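Both of the next two complexes hold subunit A, though its partner changes from subunit B to subunit C.
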Partner chain A sequence: MNLLDIRNLSIELQTTNNSILAVDHVSLSMKEGEVRGLVGESGSGKSLLAQAIIGVLDERWHVHADRFHWRGKDLLRLSPEERKSIISQDVAMIFQEPMSCLDPTTTIGEQLAEAVDTEQLSGYFWQRNQQRKNAAIKLLHKVGIKHHDLCIKSYPHQLTEALCQRVMIAMALAKRPMLLIADEPTAAMETTNQGQIFRLLASLNQLKNMSILLISHDLENVTHWTNNITVMYSGQFVEAGTTKQIFTEPYHPYTRALLNSSPKANIELPVKSRLMTLPGSIPILQHLPIGCRLGPRCPRAQQACVKAPKVSNFHGHQVSCHFSLKDTY
Partner chain B sequence: MLIFTLRRINLLLITVLLLTLVSFSLNFLFPGDPLVNMSGRINPTPDQLLILSDQYQHNANYFIQYWTYLQHIFKGELGVSMASHLPISSEIINLLPATIELSMTALIIAMCLGIPIGFIAAISHKKITDNIILTIAMLGYSIPVFWLALLAILVFSIQLNWLPSAGQISLLYEIKHVTGIQFIDIMLSESEYKWQAFQNASSHILLPACVVALAPGALFIRLARTAMMDVLETSYIRAAKAKGLSFLQIIYRHAIRNALINVIRHVGLQFANLITLAMVTEVIFNWPGIGRWLIESIYQRDYTAIQAGLLVLSSFIFIVHILTDFIYAALNPLARDTKHGA
Partner chain C sequence: MAALLQVSELSKSYKLPGHWFNQKESIALEPLSFEIKAHQTLAVIGEAGSGKSTLAKLLVGAEIPSTGKIKLNGQTLNSENFKQRCQHIRMIFQDSGTTLNPSLTIKKLLDEPLKLNTNLNEKNRNQLIRETLQKVGLLTDHMNFYPHMFSGGQKQRISLARAIILKPQVIILDEALASLDPSLRSQMINLLLDLQKQMGLAYILISHNLSIVRHFSDELMVLSNGQVVEYGKTIDILKKPKHKFTQKLIMSQHFQLLHK
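Up next is the complex of A and B:
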C-alpha cells in the first residue's frame, strides 16, 4: 500500500485580477521506507507542493487534487481540522533556512519540548514538564548533539546553521513521523555539514523505516541518497522513476538537459568545451507558456507541445512528454 | 547584559550632560542678564549682583561658568522662580510626581488597551473586526487633545455627572505630602477614610488619564497590528504550524512575544509625545503637575523656571526611554548580548 498517493494536485494563486496556476496537475506517490527525491530548478513549485501536503499554505493559495490518500485514507473527504490532525501526527517537515524557522525569542529547549506530543507522556500534569524536558534531551541525542545542556539553554541565534538544522530535524522527529519532508535541508551549508545532515537522514530511514521526501534543486547531490526521483519543471510534472532509470536513461528532454548540464555526470566531456544547457530560463509565473511549459526551451518541441502531454508509464518509469527519448535508447 | 547596562547608563549620562548644556546656553539666549536668568533674582541691587556673580563665577570663562552651573544643578540649586520667588527645586519636587502619576497611568491604559486590541485586529485581518478597529484607531489618533478634553468634561462631568472635572483629589481629604504620588501617599496615610480617599483619587485621575491615553493608545493599536501581521508571516510561525500546534498555542507561545518586541521599541519614543499631551491636559483639568506650571511660567516669562522645567522634564522622558530599552532587552535575547562580527 502506498503511504502517500497524490494524483493531479494543482495549486492556484488567487490574485485580485486573475488566478495563476503555480503547480499544474502533479502526481506523487510514496511507499513506506522509501527515500524519494523531488528535483527541479528554483521556482518549479517543489516547496509549494511540500507545503500543500503539510497544509501550511495561507488562504491566498487554493489547492485542488483528484486524489489525496494517506495510508489508504482519503483526506479530501475529511474536514480541514481532521486532515490537519492526521497530517501533523504522521508527517513532519524540515524547512530551508533553519535559522529563520526557529522562534528567535524562545530557547531551543522550550521549542523542542512543545513539539513532543501529549500522547507520549504519562502520569500527572506536574510530572509532564519534566518528561517533556527529558524527551527533548533524548531527541537532541538522536540527532547527534551531545552537549544537550548547552543547546537547550541557547537561543537560535547562538547556534550555527548546521546545528539549527539538526534541531529542526529533532523537532520533526518528536512526533515519530512516518514521512519526513526535507525541503532543501542543506541549502547554504558547507559540504561537511551537508554530508552530516544527509547521513543523519539516511540512518533515520534505515533504522526507523521512515520515508523521506528530499527536495532539492541539485540533481547530483541527492542521487546518492535516494531510491526514486521525481523531476518537476515550472510547476509541471516531468518525469519519475528509480534513481538509476533517471540517471542512465532519462526519457524527458528536460531531465536529459539537467544531467548534461552537470560536469560530474559527463566525465567524457573534452576539456574546455561548453557544457550543454537549455537556452533561456524558467518562465515567471505571470507569463507561463500554454501546454507543456518547457515548450519554448525544449530542443524536441513540435506543434503538439502546445497541449499538455499525458503521463505515460513504462514499468514504473513515468514521463510526461509527447516526444519522449525512450526510442533513442 | 552587564555591557548593555553600562552602555545605557553611559548614554543616559551623556544625554543629561547635553541637556544641561542646552539649558545653560538658554540663560544667555533668553532676553535679559544671564545672571538674573540663571538665578531668578529679578532687579538685584549691586551688592546682590556681586554675590551672584561670585556664586556663578560670572567673570570666568564659559567653561568654568558651565562647570559651576553643573555643580549648582547637582546640589539641587536651580535658582528661584522669577514669578513666585520660591526655590524651583522645591516646586519641581512638589509638582513632578503628579505629572509622573498622570503620564504613567495614561501610558498603562494606552498599552493595556491598545496592544491587545491591535493584536486582535491583526488576527482577524481583512475581516470586519479589523476594519472597525482601524477606523476607531484612526479617529482616536486624529482628535485634538484639548477639544477631546473639553468634550469629556462636558459629557462625563457636567451632563452625566459621573466623574469630577478638575483637580487631583477632593479637598475633603487631607493627605500628607510624602512621595508626591497621590496613590502611594494615600496608602501611607493613617486616615480612617483611606479607601474613600483612594476611590476619590481614582475617579479624579480617570478622565484626564483616558484623554491623554487616547492618541498614544490608537497609535499602539496600529503598531501592534502591523507588528503582529509581520510576525504571523514569518517562517517560524509556519514551522510551528507544521509542528502541529494549534492556532492559539502559536499566538500565545510564539507570536505575542515577538510582536511585543517590535511594539515596545516604539513605546519609549511615544512617551515624549504623551508628555506633551499631558501638559495640555493638565491645564484643562487643573491638574497640579509640572506641565501646567511650565506653561504658566512661559506665559509669565519666568526664564529660570522654563529652563529648569525643560531640563527636568526631558531628563524624565529620557529615563523612561532607557527603562523601555531594558524591557526590550529582557524580551529580546538578540539585543542582550554583544554580537560578534555584526
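Up next is the complex of A and C:
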C-alpha cells in the first residue's frame, strides 16, 4: 500500500490581478520504507510541493489535487484541521535553512525537550521534566552527536551548520515520523559533511523503516542515496522512476539534458571539452511558456508542445512528454 | 612556455592576542610554491580552514603575506603595485552573483573597475563594456538593466564580465560554481573554457566538486591544515591519491574515474 499518493496537485499563487500556477499538476507517491529523491532546479517548486504536503502554506496559495491519500485515507474529504493533525503526527520536515528554523534565544536542549511528544512520556508529572531531558539526549545520540552535554547547553549560533542540521533531524525524529521530508538538507555544507548527513538519513531509513523524501536541486548529488526519483521542471512534472531508470535511460528530454551536462555522468568526456547544455535559462514565474514549459529550450519540441503533455506510464516509469525518448533506447 | 604566475615560499601566519613576550602565532598557510602557465587551470581542494581562502586572498592582494614572493610575468608583485595586481589577478566568489550592488546599472557596475584602473575615455570604456557583455553571452541592451532584473545565472555572468573586463591574466574562482543549478553550471563551465581558449587565461579553481575538478583542471593542489599535501597533474592524483584527506574526499563523493 502506498504511504502517500498524490495525483495532479496544483498550487496557485493568488495575486491582486491574476493568479500564477507555480506548481502545475504534479503527482507523487511514496511507499513505506522508500527513499525518493525530488529533483529540480531552483524555482521548480520542490519546496512549495513539500510545504503543501505538510500543509504550512498560507492563504495566498491555493492548493488543489485530484487525489491526496495518506495511508489509504482520503485526506481531501477531511477538514483542514483534521488533515493537519493526521499529517503532523506522521510526517516531519527539515527545512532548507536549518539556522533560521531554530529559535536563537533558547538552548538546543530546551528546544529539543519541547519537541518531545507528551504521549511518549510515562510516569507522574513531576518526573516528566527529567524524562523529557533524557529523551532529548537519546535523540542527540541517534543523530550521532556524542557530546550531548555541550550541545544541550549551546545556542544555535554556537553550532556549525552541520551540527545544526543534525539537531534539526533530531527534532524531526522526536515525533517518530513515518515520513521525513528533507528539503536540501546538505545545501550549505562541505562534501565530507554532506556524506555524514546522507549516511545518517540512510541508516534511519534502514533501522526505523522511515520513508524519506529527499529534495535536491542536483540530480547527481542524490542518486547514490535514493531508490526512486521524481524530476520537476518549472513547476511541472517531468519524469519519475527508479534511480537506475532515471540515470541510465531517462525518457524525458530534460532529464537527458541534465545528465548530458554533468561531468560526473560523462566521465569519458575529454578533459576541458565543452559540456552539452540546454540553451537559455529557467523561465520566471511571471512569464511561463504555455503548454510544456520546457518548450523554448527543448531540442525535441514541436508544434504539439504548446499543449501540456499527459503523463504516460511504462511499467512504473512515468514521463510527461509528447515526444519521449523511450523508443530511442 | 614561461610561467605566468610564480609563487615561491608564500606563507601567512596571524599573531594571536597575548603579551609581547609570550606571543603565539597561528599559521594559516605554511610556505608553499607553485607555478601556472597561460591556458592552464590549477585546482585547489581542502577542507574548511585548510588555507584555501587564505591563499586566494594573498594572491589577489587582500592580505599581506608573512613570507614569500609572487611573480607575474617574471615581475615581483608587492603591496606598492596593488593597482597592477588588481588588473591582472581577479577573483570571483561563490555568491558574487548576489553581491552585485543593486542600485547600479550593469553599465555602471562594469564601468567602476575601468574608471579605477584605466585611463580610457568614456567612448572607449563603453565600447569595452559592450564587447565584454557579448563575450559572456549577454546583450548590449543589458547595459541599462539593474541586477534584480537578471536570473541567477545571468548575475553570475555579470560578475564574470566584471572580472574579465580589465583583461586579466589570472582569475581565481572561489567556489564560484558550487551553488549554481546544474544547467547553469555547465553553461558557466563552457563559458570559462571558451574564454580560457580565447584569452589565454589561467584559472585557479577552488572547489569541492571532484567531477568538476577532473573536467576543468590541469593540475591539482591538495591543502590540509595549511600545508600542501599533494601537488601534481590532476589525473595522476585522482588516479592514485596518496594523502588520507584526498582519499576520503574521493570516497565521500563516490568518485570514479571510469564507469563500470
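What to note about this one:
Quick note on the criterion: the second predicted complex is superposed on the first by the 329 of 329 C-alpha atoms of A that agree within 3 Å, B and C clash if a C-alpha of one lies under 4 Å from a C-alpha of the other, contacts with A are read in each partner's own complex, and residues count from 1 in each chain.
Heads up, the rule we're going with is that a residue touches a chain if its C-beta (ideal position, glycine included) is under 8 Å from a C-beta of that chain, and two chains touch if they have at least 3 such contacts.
Keep in mind that what you see is a predicted model, and the values were worked out from it rather than measured.
When the two structures are aligned on the shared chain, A:K244 is found in touch with neither subunit B nor subunit C.
Of the two partner chains placed around the shared chain by superposition, neither subunit B nor subunit C is touched by A:H141. Looking at the shared chain after the overlay, A:V271 reaches subunit C, while subunit B stays out of its contact range.
By the touch criterion defined above, A:S88 lies against subunit B but remains apart from subunit C after alignment on the C-alpha atoms of chain A. Subunit C meets subunit A in the complex at residues 41, 47-48, 151-154, 179, 181-187, 189-190, 193-194, 208-209, 211-212, 214-216, 218, 234-235, 248-249, 252-259. Those residues of subunit A that touch subunit B in the shared complex are 51, 54, 56, 84-85, 88-89, 92-93, 95, 97, 100-106, 110, 114-115, 117, 155, 157, 168, 171, 174-175. Listed in rising order, the residues of subunit A touching subunit C in the complex are 41-42, 187, 190-192, 194-195, 217-220, 224, 257-258, 261-264, 267-269, 271-278, 281-282, 284.
For subunit B in complex with subunit A, the residues that touch the partner chain are 234-236, 238-245, 249, 253-254, 257-258, 261, 331-334.
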